[in-house]
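Here come two complexes built around chain A, the first alongside chain B, the second alongside chain C.
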Partner chain A sequence: MTDPAAALRRRSRPASQARRRLPRAAEQFSGWAFVTPGAVIILLFGAAPIVWSAIMSFQRSNLLSPSTPYVGLRNYRQLAHDPIVGQAIQHTLIYTILFVPGTMLVGLFLAVAMNRKIRFISVYRTAAYATMAISTISEALVFIWLFDPSYGLVNYFLSLLGIPQQQFLNSPTEALYVILVMTIWGWTGFAVVIYLAALQGVPQSLTEAAAIDGASSWATFRRVTLPLLSPASLFLAVWLTINALQLFDEVYLSTQGGPLNATTVLVYYLYDQAFQDFNFGYASAIAYVLFLFILVITAIQFRVGRRFTHYRS
Partner chain B sequence: MIRTFACTSLAAALVALGLAACGSDSGSSGAAAGSIQIWEGYTGPEAKVFAHLVSEYDTQHPGTKVTSLFVNNDNSLQKVLTAVRGGSLPDIAYLYGSWAPNVAQIPQVVNLTKTVSRPGVNWPDFWVGERDVATVNGKVIGIPALVDNLAVVYNKTLFAQAALQPPQAGWTWDQFSADARRLTDAAKKQYGTAYVTPGSEDTVWHWEALLWEAGGQLLTAGNKKAAFDSAAGLKALTTLRTMAVTDHSMYLDPTDSAYGNLFNSGKIGMLVTGPWDLSTFPNAKYGVQVMPSFAGASGGHQTISGPDNWVIFNNGAAHVTAAQKFLLWLTAPAQVRYFSLRTGDLPTRQSVTDAAGFDQQMDKALPGVSTFIANLGNVRQSRPQIATYPKISQALGTMVVSVLLGKAAPQAALSTAAQQVNQILANPNG
Partner chain C sequence: MSAAAATAGRPSRRRRLPFSPWHLVLIPATLVLILPFAWLIVTSVETPAEALHFPPILTPHVIRLGNYPAALRAAPFARFFVNSAVVAVTTVASNLVLCSLAGYAFARLRFLGRGALFVVIMTTLMVPFQVTMIPQFIITKWLGTHLLAPIGINHIGALIVPNAATAFGVFFLRQFFRTLPIEYEESARVDGASRLKILLRIVLPLSTPALATLAALTFLDSWNNFLWPLIAINSTSQMTLPLGLAMFQGAHSTEWTLLMAGNVMSLAPMLIIFFVAQRFFVRSIASTGLAGT
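So, the complex of A and B:
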């Protein structure tokens, strides 16, 4: 009446299942236990502020008094009517559009120049990367003096060329560009390192093959090296854009948004609203607009970038 | 199996430890009632002298333990705001006076009105400018921690080179402008004076002192409307403009950080600044004089002060009592005198300056500081104690900078700023 094999299967199934379930539960538990500290930290310092600032962007909040009435979309509507927000967006965009390609070009140029076996090459490479190691505050102080209208070296060199004295950080039309130069200098080391690493990954066989086929060195660079650098370029473009849209330190240290709001970028204005005027609700709304900005621009960069990026595999 | 469980429990223990550590950090409320925590931003000699005073207090009061935590003054309100939400406020914090109207909105701030009227405290002994800044809507929310004011620091060597007499106590802004012109030498890249132009409160308060001297007011009584769009406001703004735009005798410093080095290097003849800068001029042979006045104006010689406060937060009655006791000790004449003589900071109490030989002792520690002490008597008014002041300050900053950069005429800039300020006052939450 019974199939001994089936009976065996019936009997053995729960046993084997139990055997399988027990270690899995324990493993799962230990897995979670290991992940928990990291997850807690991320949730606490990453996710919680993101959610909280989202809530705050719909409130009138100065963080001082406990009363934080909900005001709906009032903060966001106010954004549309705030002339300084318009200016700040404009400054942020101008800065980003010039900063990202500028840093990439300077970085690429230096990386190509240093991608060869010459004497003291490690000294040059260290020097290029040093711009990353130098703290922003020293960088800002040095540039403040370089670009000082009366005592700065830049105006001195311009005067040798017969160019009249410029006002630089005192001039509403020039200050943003001084900050641009300052930050390109500061980020060059980063771009150089990324491009140098990518250049080392370009197989010599390909450039040699191109040379044998009679391609000029420019054509080789243009048609072989540059496409092979495209993953690095995409990475740099995205990374530098995100950082450019979040420009703050250099502005805070050199011009505090001035003169006459000429260097007020979005993050600086956000800081100003939050910590000078105690408009935390409004500042949170600005932060969310900036977040959307970054999200959209990064998405576009990935989409467009994919078309021009060649991954060797 | 055993290994897995060992690891698991280790990880779990770490989590528990981490959480426990977070928990114990969050607030002095868990500490013994006898111990109080202070947030202060002293560095250099101030830090040393403060630490000495704290340890002296601890020895004199065995029941109490005062612990102090360094918090950069610029960031202390940000940290206090975080602590308000986290329920981990210190018992006492050093906070800038300009924040007072906003600080007063924090529910945990202890009302000290009764405390300062206790016998022995002698509240009127604190300078009027200090008391004004410690009081918001008639409520005392802090005890003065620091006082300063603006006066003119001038380079004696440059004055001698230009064959100019050193400024006298009764001088006027016309003389200041004329001296600045004479001290300016484009070939040597030498300027008569300087002005900070980041458009921040540092830009604004220099101008406010001129406004008061010219007989003007910032706002109408009751802080209802702008009052600076007046003849006095115009005079104050035009005086600065003449030096910056017409005479080019004024070095404009948008970074708020260059003027000190330039004065120390003998490139600037006169600076309107505070006592905190004196120790940064080791290379310049300098003198100090009170600010000039406007000839014929009702304001006379005035100056502006930016006092800071010690603020107490409520962490339970025992803590509040201990904190009050400590602060009253710290700000009593003997301790104020001790602190000033060793740091060069102006004494926060008037009685301390009356003692014979005090000025000379101060001048020995920091040459020229006695003029700043005497100048405390010229602090006759203070900035409006209202929560919207930071916004008003921004409008005024833009006004001053646009005039000094030659981008706007004084009257037009005044009208625009007055309009903005009226809007801010009418709609404080806008």
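So, the complex of A and C:
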């Protein structure tokens, strides 16, 4: 990648002269030489597939037949009338609406509690951080066992409170909420890290000034700390939403979309169509619907968020 | 939250408790957070009869470590671990190299098409993996049959190559490189250093925090990736830990003691790495959030 000849040529010319004209050949060369290996990977596996799957979404394409005729908007029309897509969108949205604020509240509460120098604080923090080191599959496997209807620990705790045995992941009405609980647990560490970092950026002088002015600690938190945390909150809201809309791993491991499609979320249905039934065309159309959802929802979040977000210059 | 915030003011007014009242919140919270870990370990040393008992037996009579060798006989967890490690380490290394090169070119070098190429790469950042996974599967399959088998479907190479450079890494390092003072680089150029030499000797040594962050995030991503390995890998010998564990669960779905022993072995390595390098990981993850502020 080095070009000694080019380096020699470069040395012979003053730098200022080159800056005004087209980039010099040597700089062109090293620029492209540096960019090419990474760009090839990203273009081949990231950019080209975006176009390709857009084309596929207008084709009837599956592994069984070699021909992939264009069918216009048929995949999208089929999708609009597919009752499972409707359910999947509904489940995805319900899950996202509960997961994002749920994780943020848990994270904020724990971060505020942990943002002080008390004894054992590193033990508390490590316990929260440890959830980040667990893969979604390990997490789901433990929670399936915790929520086992017959022998699970959760039903045991409920029985101590006099609550009858629950079916949890076997119940169409409860399964999605069990997945909600396990994913909130799994993301707690991340939310705590983000909020703790943001809390440590809140200048003590501001909260002390509010206290001197006679503000209660709740008022100080509400009026001083919380607005200062708003950039972190916006970041978390967007980040968690994008991830929530792509929920898959836990569903795959725990319920496979069941019982009675109660946990079929968009990505699970997409996976099912693409790699169980090999309807690549239809699955691509679903993928683009998912993309549209992500784009629209994050755009709204940024638009609305900007109004409530205070950036310190 | 209101109750918690209200208690915050109390100790300053009247000091009653010999310890911070926050412990009263943090101890139960911590117990809830570590309960899944604790129960996982307890179950992994029980007998099947103890595990399938209601009410659950919270402390097994004998610690039965036999579940671990039994799990190892049922599925090659060591193999999964090696595969995961090879994939993660290779992916991190190639990302550091390729994203540094590309990031530096985008930050400092002027070449025709730079703007357009950068926009295209940035576009891929916004698109979720689910949109690209079907073509990625087809491309990987094609590469495996027509170019090189070890990077095709059903080889761990298929888990490395598509992630060998990421748009995020390029963007992240470009942003960081642009914050570095350009004077060092200019004086090195006056002295006749090549671009590659400047990158290696001046820019990268100044960028160790950014490189460390990229390494940590790439490592975690690679280690926990599930959907792509699920699509790309079929045979047990090529599976990574999450995929191997999922397959193991499918085959032994009611043998909870075996499953939990396998699960402990799957998550222990990462947990240990995470504890050892906790500061490093936490700072890296925190910096993703602070980037927006």
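Keep in mind that, in the parts below, the second predicted complex is superposed on the first by the 287 of 313 C-alpha atoms of A that agree within 3 Å, B and C clash if a C-alpha of one lies under 4 Å from a C-alpha of the other, contacts with A are read in each partner's own complex, and residues count from 1 in each chain.
The rule we apply is simple: a residue touches a chain if its C-beta (ideal position, glycine included) is under 8 Å from a C-beta of that chain, and two chains touch if they have at least 3 such contacts.
As the structure is a computational prediction, the values presented were derived from the model and not from experiment.
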Fit or clash - chain C, chain B, common chain A: clash
Touched partner set for A:255, first chain B, second chain C, both or neither: first
Which partner, chain B or chain C, touches more chain A residues: C
Partner chain in contact with A:188 - chain B first, chain C second, else both or neither: second
Which of chain B and chain C A:177 touches, first, second, both or neither: neither
Partner chain in contact with A:27 - chain B first, chain C second, else both or neither: both
First (chain B), second (chain C), both or neither touched by A:37: both
Chain B versus chain C as contact partner of A:275, first or second or both or neither: both
Which of chain B and chain C A:150 touches, first, second, both or neither: both
Which superposed partner A:65 touches (first chain B, second chain C, both, neither): first
Which of chain B and chain C A:76 touches, first, second, both or neither: neither
Segment of chain B intruding into chain C (one of 91-99, 199-207 or 253-261): 253-261
Common ground on chain A, meaning residues reached by chain C in one complex and by chain B in the other: 23, 27, 30, 34, 37, 141, 145, 148, 150-151, 253, 275
Residue ranges of chain A in contact with chain C within the complex: 1-4, 6-7, 10-11, 15, 22-23, 27-28, 30-32, 34-35, 37-39, 41-50, 52-53, 56, 105, 108-110, 112-114, 116, 118-120, 123-124, 126-139, 141-143, 145-146, 148, 150-153, 155-156, 159, 185, 188, 190, 193-194, 196-198, 201, 216-218, 221-222, 231-232, 234-236, 239, 242, 245-246, 248-249, 252-253, 267, 270-271, 274-275, 280, 283-284, 287-288, 290-291, 294-295, 311
Residues of chain B defined as touching chain A within the complex: 1, 4-5, 7-8, 11-12, 14-15, 18-19, 77-78, 81, 84-85, 102-103, 105-107, 189, 191, 197-200, 251-252, 254-258, 262, 267, 387, 390-391, 394, 397-398, 401-402, 405, 407, 429-430
Residue ranges of chain C in contact with chain A within the complex: 1-2, 4-6, 8-9, 19-20, 22-23, 25-26, 29-30, 33-37, 39-40, 43, 51-56, 98-99, 101-102, 104-106, 109-112, 114, 117, 120-121, 123-124, 126-139, 161-167, 169-170, 186, 189-190, 192-197, 199, 220, 223-224, 226-227, 230-231, 241-243, 245-246, 249, 256, 259-260, 263, 266-267, 270-271, 273-275, 278, 281-282, 285-290, 292-293
Contact set on chain A toward chain B in their complex: 23, 26-27, 29-30, 33-34, 36-37, 40, 60, 62-66, 78, 141, 144-145, 148, 150-151, 169-172, 175, 253-261, 272, 275-278
